[in-house]
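Each of the next two complexes has chain A plus one more chain, namely chain B in the first and chain C in the second.
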Partner chain A sequence: MEIQVMEDILGRNDQLASENQMLFAKRGVFVLNLMGSPGSGKTSLLEKTMAALKDNLRMAVIEGDLFTSKDADRIAKYDVPVIQINTSGGCHLDAAMVQKVLQELDLENLDLLVVENVGNLVCPAEFNVGEDVKAVVLSITEGDDKPLKYPLIFKESAIAVLNKVDLLPYTNFDMAAAKKDITSIHPAISVLEVSCTSSTGVEAWYDWLKEKVAAKKMAVNAHG
Partner chain B sequence: MCTDCGCSAQGSNTQIKFFVKGYQTDNVDTVERTLLGLPGVYHVHIHAHDGETTIDYSPAKTRLSEITGVFTKHGLEAVI
Partner chain C sequence: MEIQVMEDILGRNDQLASENQMLFAKRGVFVLNLMGSPGSGKTSLLEKTMAALKDNLRMAVIEGDLFTSKDADRIAKYDVPVIQINTSGGCHLDAAMVQKVLQELDLENLDLLVVENVGNLVCPAEFNVGEDVKAVVLSITEGDDKPLKYPLIFKESAIAVLNKVDLLPYTNFDMAAAKKDITSIHPAISVLEVSCTSSTGVEAWYDWLKEKVAAKKMAVNAHG
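Right, the complex of A and B next:
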């Protein structure tokens, strides 16, 4: 019985997610669902990304948070449109929540929409919000055992950003083992080593993102 | 929290446990990682000494025949 209810929830969510996806597709907006544990560095990565790309890409951000607008306040400093969604304790964003706020965005004049999900390595991976791809940020201070312990988020993500590599000397994180596990779980995934603090590896992240945005635009132009 | 929001979709996953004949020390890791790379396989645990193999997977995403196919490809026999 319970499983049936679960399937209904996910089925309904997928339906709304595909409605969102159609809205984005029509305008050629590339949408990234940015996921990861609390404190892994999702907002930090976004801050770097906005500073580097906002003059070349028309960006907007949807911030998912339980109660506060702390992350949205950080984003707003970059003069990028930001919408806060508070889940009132809910541990993930879903397609309905995103759909509700979409009219506040000028989709016609947007290249990239990043949805920062609620900090959580489990539930957000279950719910599409209409994104093109999911990305997971894992900070090396969380431990190299996390990919095997939380496989779904790595299965679902097109890219894994291993953040805080500036702290590698102070941890027992085994980079080779973590990468081997991540690519075993998801053979086609991209894996980047990044430090938002020292800016190591961020260029590769920008390149990955720019390529995705360009590909989305091209797909829309090709289909008229 | 998760019980309220219904994100325990892991409930739609299945755990299967069975015995496999023919594991060698040099193919266990390869088989384990090949299985893990299938779209709906989330966890694989192999006891090489007696062949006991445990797999958590989503039947909606990966068929059982795809799983057994991995064993066949590596010259192993799964008794399911």
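Right, the complex of A and C next:
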């Protein structure tokens, strides 16, 4: 019976996610649903990205958090429009929460919208918010066993950012094993080694993002 | 309406948790609900604890995981009874899941039962499983902003283990600020600085556990 309730919730969410997706498609906005554990470095990656790309891409951010606006405050420093969604304890964002705040964004003049989800390696992967792709950030300090333990989020994500690689020398993280597990779960996934502290690999991340944004624009122009 | 469903689920869970708790009380077993993000070091802390205390305490472990038995396999090496619960994607353990496996444990001959929850800093804090106390493990690599961002789990926990302090020199984690935030959320909480890699602080953790187990035994004997 509880499963029935869950299916109803997911079905309704998919409906609203489709509505969001159609709106984004009409405006040619590429939307990224950014997920990962608490402290994996999602906001740090976004900060780097804002600083590096804000002159090339018109960006906005929706920040999901249980109660605070700590991450939104960090993003706002980069002069990028940011909207805070507080889930009041809810463990993930859903399509309805995102839909509610979309009117506050100037979608017409936007290239990239990043939705930073609540820090959680489980629930966010189950709920589409209307994004083009999902991305998962995994800190190497979390351990190389995490892909097999939390497979859904890697299966759902188009890219996995293995973050904090500057700490590799001080941990027993097996990079080859982690990559093998991630690609066994999802053969088509992109995997990047990144450190927001040392800036290792961030260029590859920017390139990946810029390509995705450009591809979305082309697809929209082709249909429009 | 969704909130109503949530309240029903929580109400039913509390009922089953009480049943578990009465059973544990009758047998004099101290039960710890061990929570924390993926990769915070819950299983590593348990491994240290098994190795150090298994000659003094009769222990058993219930391992919660989405799909795998990776953590149970690690615990089983210490010759401690371990039961795996796979939640099939569910983001936390609940009282019903724990109740179902209790018959497989020899509660009569047990001092300490540790329930290692699914790696998640949000949902596990909302569901009692019948434990005496909850404990939260936070890796310092997750960042010092996490207590204020995930307050419920710190409010619900009797002890916060700040793990991986061997990595402090390589991060910008502010220990004083983190402790201040944790105790502002929950003034009576115990806070320990621990490293399972360097064994810093593990003795204080063992002492805390041993005291709790002894207190439970005394309380049960006083009532028996």
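The rule is simple: the second predicted complex is superposed on the first by the 224 of 224 C-alpha atoms of A that agree within 3 Å, B and C clash if a C-alpha of one lies under 4 Å from a C-alpha of the other, contacts with A are read in each partner's own complex, and residues count from 1 in each chain.
Here, contacts are C-beta pairs under 8 Å (C-beta built on N, C-alpha and C of every residue); 3 or more make two chains touch, one makes a residue touch a chain.
Just so we're clear, the structure is a prediction, and the values are computed from it rather than from any experiment.
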Dominant toucher of chain A (residue count), chain B or chain C: C
Contacts of A:L10 with chain B and chain C, given as first, second, both or neither: first
First (chain B), second (chain C), both or neither touched by A:E142: second
First, second, both or neither for A:C91, with chain B first and chain C second: both
Partner chain(s) touched by A:K216 [first = chain B, second = chain C, both, neither]: neither
Touching partner for A:V122 - first (chain B), second (chain C), both, neither: both
Partner chain(s) touched by A:P187 [first = chain B, second = chain C, both, neither]: first
Touched partner set for A:K155, first chain B, second chain C, both or neither: first
Touched partner set for A:K48, first chain B, second chain C, both or neither: neither
Overlap of the chain B and chain C footprints on chain A, listed as residue numbers: 2, 5, 9, 89, 91, 122-123, 126, 148, 151-152
Chain B-facing residues of chain A, complex: 2-3, 5-7, 9-10, 89-92, 122-123, 126-127, 148, 151-152, 155, 180, 184-187
In the complex, chain C residues that touch chain A: 2, 5, 9, 37-40, 65-68, 70, 89, 91, 118-123, 126, 139, 141-143, 145-146, 148-152, 164, 166-167, 170-171
Chain B - residues contacting chain A, complex: 1-2, 4-12, 33, 36-37, 39, 42-43
